[in-house]
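One structure coming up, written as structure tokens, with questions to follow.
Order of writing sets the labels: A, B, C, D and E. Residues in every chain begin at 1.
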């Protein structure tokens, strides 16, 4: 038996060596691909930010630390791993609003979205769904339905955002639901309402400050 | 002198995976981690090709190293090799095809537990020459990719009225949404399995008569 | 609390691992011939999933931020060795439990449902508690699917299922119908 | 008291079925004696247990009541000549079970008076229990309730066992049959006497006579015959099939279930048919062995239904002819009742000791065409043994005998309630019999 | 002298039976469905008849195609394909395109029955398998409701859509009572629910008719009354309890019982002998399970109605129920 069975040292060595080689290969692949991956992520996010904050020409990333916003120190063009919002500015350098990511339960699974918030007027100025598994043809209309998107061009968050049946929208704080996708629509509304209520107190003072001083921090030109 | 039969054998190994031992329709192996995302031809192809890359790469390496790897730790070594290939393919896809990568999500990583891959190492690559192992891996993953593409195509055509994203039937088509939902995956595979069994039975009947 | 309820409902029935993600299919088709085996396999799965949730949370919080490229390998290795360790502990502490569940543990330690759980809960950014609830839901959902499937399969053995359909194809059809039936849980406890 | 009785007011068992009793055809016809015929066929196997061993050969002259075949072992019994005549031979003859079985064939002596000679009553009170058991066996007495189980076995209490109660089974729950009914009406005092005898033989303290409520005249006659005897009780029972199955009867009277695989004796009870009790009385009184029995000849196919005293071994053809023959529309002739009897393809079978009825039906076989089981559960709710006939039948067809025995296959008493209710006309009892055989077979190997 | 010997047939005991027949049971159900179809026609016009014809054609067609040995006469005779087709039709919305209805019938028979080995062997309700397929395939068309009483000849645009083509877009839609309750918090008056003058699936709206049919079938012992009773009782008790707890959020028992497909399901589908438990105790459990799932899905789920899913889910666990409710054997 001793003759045929390799010693345990040999086994450990084999495994260790395999692990080592694997590690080296992966580090190499990682270094090669990481910049592209990060850029892809940022580009996807960036596109969404410009869409939910119409009129924006430059963006600043802000991270949340102990309830207040501070500039993001990471590399330009990367998505921070911490909780972050994105301030958008127009050509004149005036703050358009903040792009805020939010998520919550939908019909099938968690819906992730990004919305633009104008803290001065307390209105939502744009919304885009980043990720959802809603039913194709029904629930996924929250992404594709143009009339639904219209709701979020100027949606007041006060007294609260509410969902109403399609065609019954009468007040700036109401959202016309999609027929046949009432639940997904309501889910989006619920996510927005909760998130906006949470963020407004944080963003309003920050917006006031930044609106005056013009934009600092790192920006990404379009 | 042995070159001819050797080549014939390699050819046989290559072809068997496509039909006779098709991993999906005949052996029903390696399906589960793939089925979830095979709701369009593109996804099926990407998933199939990613699996091909992993399977061919691992088989090559395992066959090359088959005399070096001590038996007691072979499975662990195989897993390390496979996981390395999978991580590589995951990163490369994320860098080069971000949209497809987002759709496939964690299921790319799950290739690592696809038992087709580990099974081939254990059953074939670790016992055969590099050439045969390569032929086997290519055949198996070819059959696998073909099957996933077929499933993806059926589901996309019925479920979305398109193929590779191009609409086939125009605006008036009512898509069968179920086909791109999970039940559609199960039902499609079920129907295809029955059709394959039926075709096989008919072929055999023709052969014998 | 609402959040946790939703996570649980989502993992167990709305997005049942087996019936919507196709994970853990092979035991689903292979082992479900007998009800009793299916049930114990399910329990073993719940158990391994809870360990996995714990292990992957530790890895995610303390290791992977520094070496993201090792995610897959470390998940597999750490889960497998943790389960093996726990297996030894159980063997010592409760031979009865080991006999009931033990034989399944090596089978499932690195199957796709387990790894899927680790990957999904990481992708969803769950904290420890959420991760554990997610694991419990996923494991119970898997057990539910396994046990239902076993009952149905046992019944079809005595039925006149046509020859062409008998076997794996039938299992796929049954799973398809169950998957349709589970769509009824969509939107459960979606709050709002 | 069983809560069920609170609802119905009458003791009974749970589950079971309510077929039309169809007894009005013969219910009020007094028992008559049929004339002798030319030929008698006496299969050696007329009872549960080993066939009797023949003692006579071709050409032998036999006297009415003479022993012609002896018991072969303990669970077996004797056989006697029903008429005076000549043994033609031991031949293979059609048997009610459908097989060809050896039988002693006797040609009657047409000039004989057919009086029983040379048999004298014994002093039974002087006999020990073992001697009584032997005497009963030698008289060929078997249970007349259907199974034809040798009576001496049940009259003899084994070492270490104890009998507390004797039940006389006067349920006659099979539709159409009225022979027990007529016996209870016409010979009530003998029924009671028989019960007393059995009680004394077995050492029982109490006796019961279970009678279904559709025989009020029998209940009345028996109650009158009791003459205030406090040790015996006539128990009116709900009209329900199979009330007469002994486990059901015991359940109805004592609310106790005979455990699966056990005998009534394990509950210190024995059950005898009322006909058996009267036959015992006759034996004790006159010493004449069991050479005739009472048979109800009935059904829409019979021109003149009747309750007859028929010598054992009489051919079915003769019995029918005595009753005016069959209507042309007759499609089936059954020995026994419609639930548990056996259809005959030949009228040349003899009436054996266990035959309590001859039934001629004009309907074609009601089992028209089998359809798949629709899992309606009716068979479950009919089965008095609380089995699942639907599942059992599937398992029988799938030949899974292990699963069969764990589901209680052997508990089935073949009462056919399941077949009766099945809307898909699945031959359930038939499959149950096959299943029981399968389980026994696999237990052996 | 001796009479002509009759031709005797032999068979095994018993020689009596209860006179019940599986075919007769199926036809009783078809018969009981006639008033339901009539009510559907009254409220939703010709569409009701057309949808019934389409599902039955799909069901019979699939049986014809997939079981080549069996002629149309054979499948017609045992009545079960027809039962499935009829029941499926009556659970569909009035405006459904006919080609979808036919597809549903075919899937119901193919996936719901034939792959299992045919009549009596299927473990899921075929009509509901067909409907669940349609609902997952065409969720839009299956959740589009038209108002009742638009005239006998009035057909929705989509009804005659060509195969594979989209249903018309300009259907005037309304919400079902359950939709109104769930999404608008409006509870429909029980009187309207009883008469059936509400939007909904073809056969489900007229509660009175369904109650009468249920009583007919139950009293004639066509189905196991325990199934229907336990289903309805569970819904009544559970929803009334929730209603008492939070009257504003949860409607009361009367509304829950009379709205949606509950009565139709309880009378015709929960009671399908083939797919419900065979044991009496199992029947109670099955009914309770359906009831609880209906309440769960309606009040806490995403969908306004859950009867179909509840029944299918309980079909799935029926083998388990059967297994664990085997009667205690006599003397065991």
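We adopt the following convention: contacts are C-beta pairs under 8 Å (C-beta built on N, C-alpha and C of every residue); 3 or more make two chains touch, one makes a residue touch a chain.
All of these numbers come straight from a predicted model, not from anything done at the bench.
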{"item": "Contacts common to subunit B and subunit C (chain labels)", "value": "A, E"}
{"item": "Steps in the shortest chain-to-chain touch route ending at subunit E and beginning at subunit D", "value": "1"}
{"item": "A-C or C-E - the one linked by more C-beta pairs in contact", "value": "C-E"}
{"item": "Chain closest to the middle [Cα centroid of all protein chains]", "value": "E"}
{"item": "Identity of the chain that, by mean CA position, is farthest from subunit D", "value": "A"}
{"item": "Length of the line joining the C-alpha centres of subunit A and subunit E, rounded to whole Å", "value": "45"}
{"item": "Subunit A and subunit D, separation of their C-alpha mean positions in angstrom", "value": "86"}
{"item": "Centroid spacing, where centroids are CA-atom means, of subunit A and subunit B in whole angstrom", "value": "34"}
{"item": "Distance between chain centroids, defined by C-alpha means - subunit B, subunit D (Å)", "value": "70"}
{"item": "Shared interface positions of subunit B, touching two or more other chains", "value": "80, 83-84, 87, 91, 177-178, 181, 183-184, 187"}
{"item": "Residues within subunit D bordering two or more other chains", "value": "none"}
{"item": "Residue list for subunit C, restricted to those that touch at least two other chains", "value": "69, 73, 165, 170, 173, 176-177, 180, 183, 186-187, 189-190"}
{"item": "Chain pairs in mutual contact under the definition given at the outset", "value": "A-B, A-C, A-E, B-C, B-E, C-D, C-E, D-E"}
{"item": "Contact footprint of subunit B on subunit A as seen in their complex", "value": "5-6, 10-11, 14-15, 18-19, 22, 25-26, 29-30, 33-34, 36-37, 40-41, 44, 135-138"}
{"item": "Subunit E residues within the subunit C interface of the complex", "value": "111-112, 114-118, 121, 123-124, 129, 132-133, 135-136, 293, 296-297, 300-303, 306, 308-310, 312-313, 315-320, 323"}
{"item": "Contact set on subunit E toward subunit A in their complex", "value": "139-140, 143-144, 173, 183-184, 302"}
{"item": "Residues of subunit E that touch subunit B when the two form their complex", "value": "97, 100, 111, 133, 136-139, 141, 161, 164-167"}
{"item": "Of subunit A, residues touching subunit E in the complex", "value": "107, 135, 137-138, 165, 179-180, 182-183"}
